[in-house]
Amino acid sequence: MNTFGRFFRFTTFGESHGRALGVVVDGCPPGIEFSEADMIPLLERRRPGLSPLSTPRSESDNPEILSGIFEGKTTGMPVAMIVRNRDARSGDYESGKELFRPGHADYTYREKYGIRDYRGGGRSSGRETVSRVMAGALAMKMLSITGISFKSRILSVHGISDPGLFEDEILSAKSAGDSVGGVAEVTVKGCPAGVGDPVFGRLDAALSAAMMSVGAVKGVEIGDGFSSAEVFGSENNDSMASDEYGNVKFLSNHSGGILGGISTGEDIVIRIAVKPTPSISSEQQTVDIHGNNRLISTGGRHDPCIVPRITVVAEAMAAVVIADSYLSMRAYAPFE
Amino acid sequence: MNTFGRFFRFTTFGESHGRALGVVVDGCPPGIEFSEADMIPLLERRRPGLSPLSTPRSESDNPEILSGIFEGKTTGMPVAMIVRNRDARSGDYESGKELFRPGHADYTYREKYGIRDYRGGGRSSGRETVSRVMAGALAMKMLSITGISFKSRILSVHGISDPGLFEDEILSAKSAGDSVGGVAEVTVKGCPAGVGDPVFGRLDAALSAAMMSVGAVKGVEIGDGFSSAEVFGSENNDSMASDEYGNVKFLSNHSGGILGGISTGEDIVIRIAVKPTPSISSEQQTVDIHGNNRLISTGGRHDPCIVPRITVVAEAMAAVVIADSYLSMRAYAPFE
Amino acid sequence: MNTFGRFFRFTTFGESHGRALGVVVDGCPPGIEFSEADMIPLLERRRPGLSPLSTPRSESDNPEILSGIFEGKTTGMPVAMIVRNRDARSGDYESGKELFRPGHADYTYREKYGIRDYRGGGRSSGRETVSRVMAGALAMKMLSITGISFKSRILSVHGISDPGLFEDEILSAKSAGDSVGGVAEVTVKGCPAGVGDPVFGRLDAALSAAMMSVGAVKGVEIGDGFSSAEVFGSENNDSMASDEYGNVKFLSNHSGGILGGISTGEDIVIRIAVKPTPSISSEQQTVDIHGNNRLISTGGRHDPCIVPRITVVAEAMAAVVIADSYLSMRAYAPFE
Amino acid sequence: MNTFGRFFRFTTFGESHGRALGVVVDGCPPGIEFSEADMIPLLERRRPGLSPLSTPRSESDNPEILSGIFEGKTTGMPVAMIVRNRDARSGDYESGKELFRPGHADYTYREKYGIRDYRGGGRSSGRETVSRVMAGALAMKMLSITGISFKSRILSVHGISDPGLFEDEILSAKSAGDSVGGVAEVTVKGCPAGVGDPVFGRLDAALSAAMMSVGAVKGVEIGDGFSSAEVFGSENNDSMASDEYGNVKFLSNHSGGILGGISTGEDIVIRIAVKPTPSISSEQQTVDIHGNNRLISTGGRHDPCIVPRITVVAEAMAAVVIADSYLSMRAYAPFE
């Protein structure tokens, strides 16, 4: 349940205020240059505390590789990576330990497990995504050899599509003791045709699972997504043409680069809907673990909008999915 | 790649015009009454040829259980089920065997495998979903013991939300040699809190993968989905309250019954975007396997809108996901 | 639990007296020529009724391929294969349905599942191995392209190592209303160095699981096996030498072709211990499902020695293990 | 490939002379008391340097739990555990970095990966088993709640069965610059009937894979193992009887507590053959990575017999297998 992927396979662990967060990537081929430095840019983009828009909690997020690298390269053995938690003021959470925060996993974890690590959400915290970003960095490094790259952008915040207004919108929500969500897009460039597997190994299915497994994501689209449900087939189909050298091209990319679950060679386009941060200063109605009605304010060191940070995680997740399917393609290539 | 689930786990096989389609469910507990009759209603709802809106191809879809049932009950052994293909006029496909149909998986399969079963899409055909429906029927039967049930409805067709207009919209597209898509919704009722696992075993992630693995699905939402990205946190959070007996209730269900990947006890709500059927009579530009530019018309025995039939498949997929997580919950229940 | 392998992965189903036995192989690369005829020789060697030494029950074991083959070749899609049961006189088993046969799985299945298919052992019958043989035939076909082949032989029967005495030994046990076991050996020839994965994907671990998963197998050895525990390291180590062309050779093969779980390039040698058939005519003490002490005689249509038939199954299992690791080797080959 | 188990599932990582060895256990139910102290006894029994019989290298093996424990109990989240390497004089290995040590995985790793961590065997070192022992300690703690326990003993060393002679035999080999192997036995006590799954989830198959995945193990037996191949069915079958209260008992345990892959309720008995330590002081013939013939002496800080230490690892592996099947039993228990 904490493992993702079949070929480029990784297992994450760690809680928001535990000793460390980490990931073990089992299934990276040998010979790929990789070091802690390769993770820093992605971790920096993900980490909080960098702008007035995000939480003031400042983790330094120094990754340490524990295994699987020898003389600067992957060996084919599992690559274990951890980030120690430092700024873990768990005392902050004592007061709320008996309250179920609306929009969080407090209630469901308690119902399921009987026990829960109430410090900052424990395992259900967004901090868990540090592990994914480390795995994603390795996937990206591997895929860079093949010419595949990833980029992301924010499409809208709180329904507003003008990037110049995003910061104002977020600060305005924050000052009102509230929060906002938004929509982000990840694009995979340079992916050749033939990546992905049929039926339950479909690239779009794997990407959807990957994205929806990120906390706060409530919707996923591939290509035109929900818009494709509103047009004619003649508009939605991507026609094909051959150039003078016999190279096949798609004349449009409504499919988002995936047909039948397998990449077409065009850009792969994924969009995600991110809900507003559930932690807000405004008072909300809730119950405690004894069944009493209570009021709660969960403001504090929380991002009023996690869309900017989540786009990095979404890129990382896209990378591990593509890496996984890429290795599958090697395994099942036609003989001879 | 043709296996879904970890606990209630099934593997599907079969091509559109091969000998049979089938599924092996490995992971159904013993003692559940199940027979071919339990599959008929779902298979009938899924199958083509029942209305002017769907394809005239009429498969009888008579399921046969090959194993795993003894004296009318599951034994805990794998339940293999098949449906033989009968109305398989593969001759119909000879003429198009060298053409890549736009919007279909023809090109990607060919690129990936070098070989493809061109008869009606082979494995990438919607006919593959017969296997899923059989697995779903068993999952539903198992879950019915626990009081969990499934229902679905069409929310819109070609952007139109009035059910009274759906048929007209579809027939109008058909007569224009075109096709339309739509949006459908599946609701899971009676699911207790605590179903689903954290991180990559999240119920919403599994449901997304399940839905997106169905051909023609291009978007998935849980609860308010993309709409949740446009509201404030104070609007999107579901407050909780306790009644006089200490029973906890959510005062709204924007989350769609899932928090932190685990069920809350409220209805689980999933929506899918279905693209227009790619097979249309209108001519489209394409290429053949030799790289020549060609025109193609892929009309014929195809549904102008597969939303009605796909809702059944979506219900079935929701059922297998819930069944899977339900068994996981039993495995990992607290000791004593 | 009914699935084996990660890359060349298959799921078996079916009971001794159910409608059919079958297997779905998910993970065979495209382009491999395969038909029912490729399974016949192996199925014939496995099947009962061919000699006075084996059970008179005569199944014809006509395999049918339901999917995954198009124009005589694998397509990369799941290959489903079944054999219908014909000579299923389940009436024969009515009398013993409440008795637990010593040495059989009757008691354990009943304890575990509460329900059991008592007809000929149901799922726990040796007849289940028909599915494995079909999967093995496909694995062998795939591996034959790479020059890998399989052979097996009986090393001893009832402790006797002279092949000329095997038949007498078996007939003598049979006439005494008893049964005997033996030891068999499988050799994999032509396997290059580098097949197998470290730690839990070790080739020897996978081969052991494969062999021990066959009913009646109680011991497995790789290379010198238990004998290696009785010699000095200097005797057991296989020295290496390089010939004039720089080709590395092992000067002995005590390791059985596997070091660190990975093939060395030498013959891979596996030995299995097969217990005597538990079904015997002599009376034995047992209990019934109501807890009453009873006497039982389980003679009838049963092999007095299954070693000859089980060697075929062992070959098939060796083939699926090698096929699995071979595909893994392709997936994780060094980049560039 | 570095993951074991389906329900009680763990992934190991780390090299002999890397930064740390570790394991992530994903699939331990919540509520089980567990701390570093629970691992110490097992780690102490496994670790080298404690007697004249084992290697003088003295790792302190201080385990650290990084996640999954809150307020002294498991939370249901992944339990990550590491042991840092301290006494890692990798300089010792510089001289031999181009030589393939006979009996080791040096050649096969090099052939497979092109790159290998030559420091003390890297991932193929016996030091890897530290991770297994940590996972085993958690499995044992969980199973202790159900009354299941594990014990092990050495049956023979270098073919000698008198425990009073083991030490002499080992020291004698050591002084001759040589090494010896032996046979060990693990017994599982208190395991109820019904643990284990049919076909490929068989308890005996899983135990065999678990044991054979330990470096130096070359053979596995369940119950009477190879001896059962030499007796009559009437001798090998375990008769059953019911006592005055209707409790079923087996009158012997030749099967080693497993029938049809499922536990009978009797002691589960597993035996393993351990080859002599391949590292010996005596000179052996080998080749280097350039294909030159060379002589090698691999003595030094190595156990002349690893049987005593490997029994601990075998206990740990037995524990994880039983834990895995135990959780499976909970998942698939009959409904109601």
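Note that the chains take the letters A, B, C and D in the order they are written out, and that residue 1 is the start of every chain.
Heads up, the rule we're going with is that a residue touches a chain if its C-beta (ideal position, glycine included) is under 8 Å from a C-beta of that chain, and two chains touch if they have at least 3 such contacts.
All figures in this text were calculated on a predicted structure; none of them were measured in a lab.
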**Prompt:** Which chain maximises the distance between its CA centroid and that of subunit C?
**Reply:** A
**Complete:** Of B-C and C-D, the pair with more C-beta contacts is C-D
**Fill in**
In whole angstrom, the CA-centroid distance of subunit C from subunit D equals 25
**Item:** Centroid spacing, where centroids are CA-atom means, of subunit B and subunit C in whole angstrom
**Value:** 37
**Fill in**
So subunit B residues touching two or more other chains come to 1-3, 12, 27, 30-31, 76-77, 112-115, 123, 198, 328, 334
**Residues of subunit C defined as touching subunit A within the complex** = 6-7, 27, 29-32, 76-77, 142, 145-146, 198, 327-328, 330-336
**Prompt:** Residues of subunit B touching subunit C in their complex?
**Reply:** 1-3, 9, 11-15, 18-22, 24, 26-27, 30-31, 64-68, 70-71, 73, 75-80, 82, 112-117, 122-123
**Message:** Residue numbers of subunit A touching subunit B in their complex, please.
**Reply:** 1-4, 12, 100, 102-105, 107-109, 111-115, 123-124, 128, 156, 158-159, 173, 176, 178-183, 193-194, 196-202, 204-213, 215, 218-226, 228-242, 246-248, 251, 255-256, 258-265, 273-280, 282, 284-287, 291-293, 328-329, 334
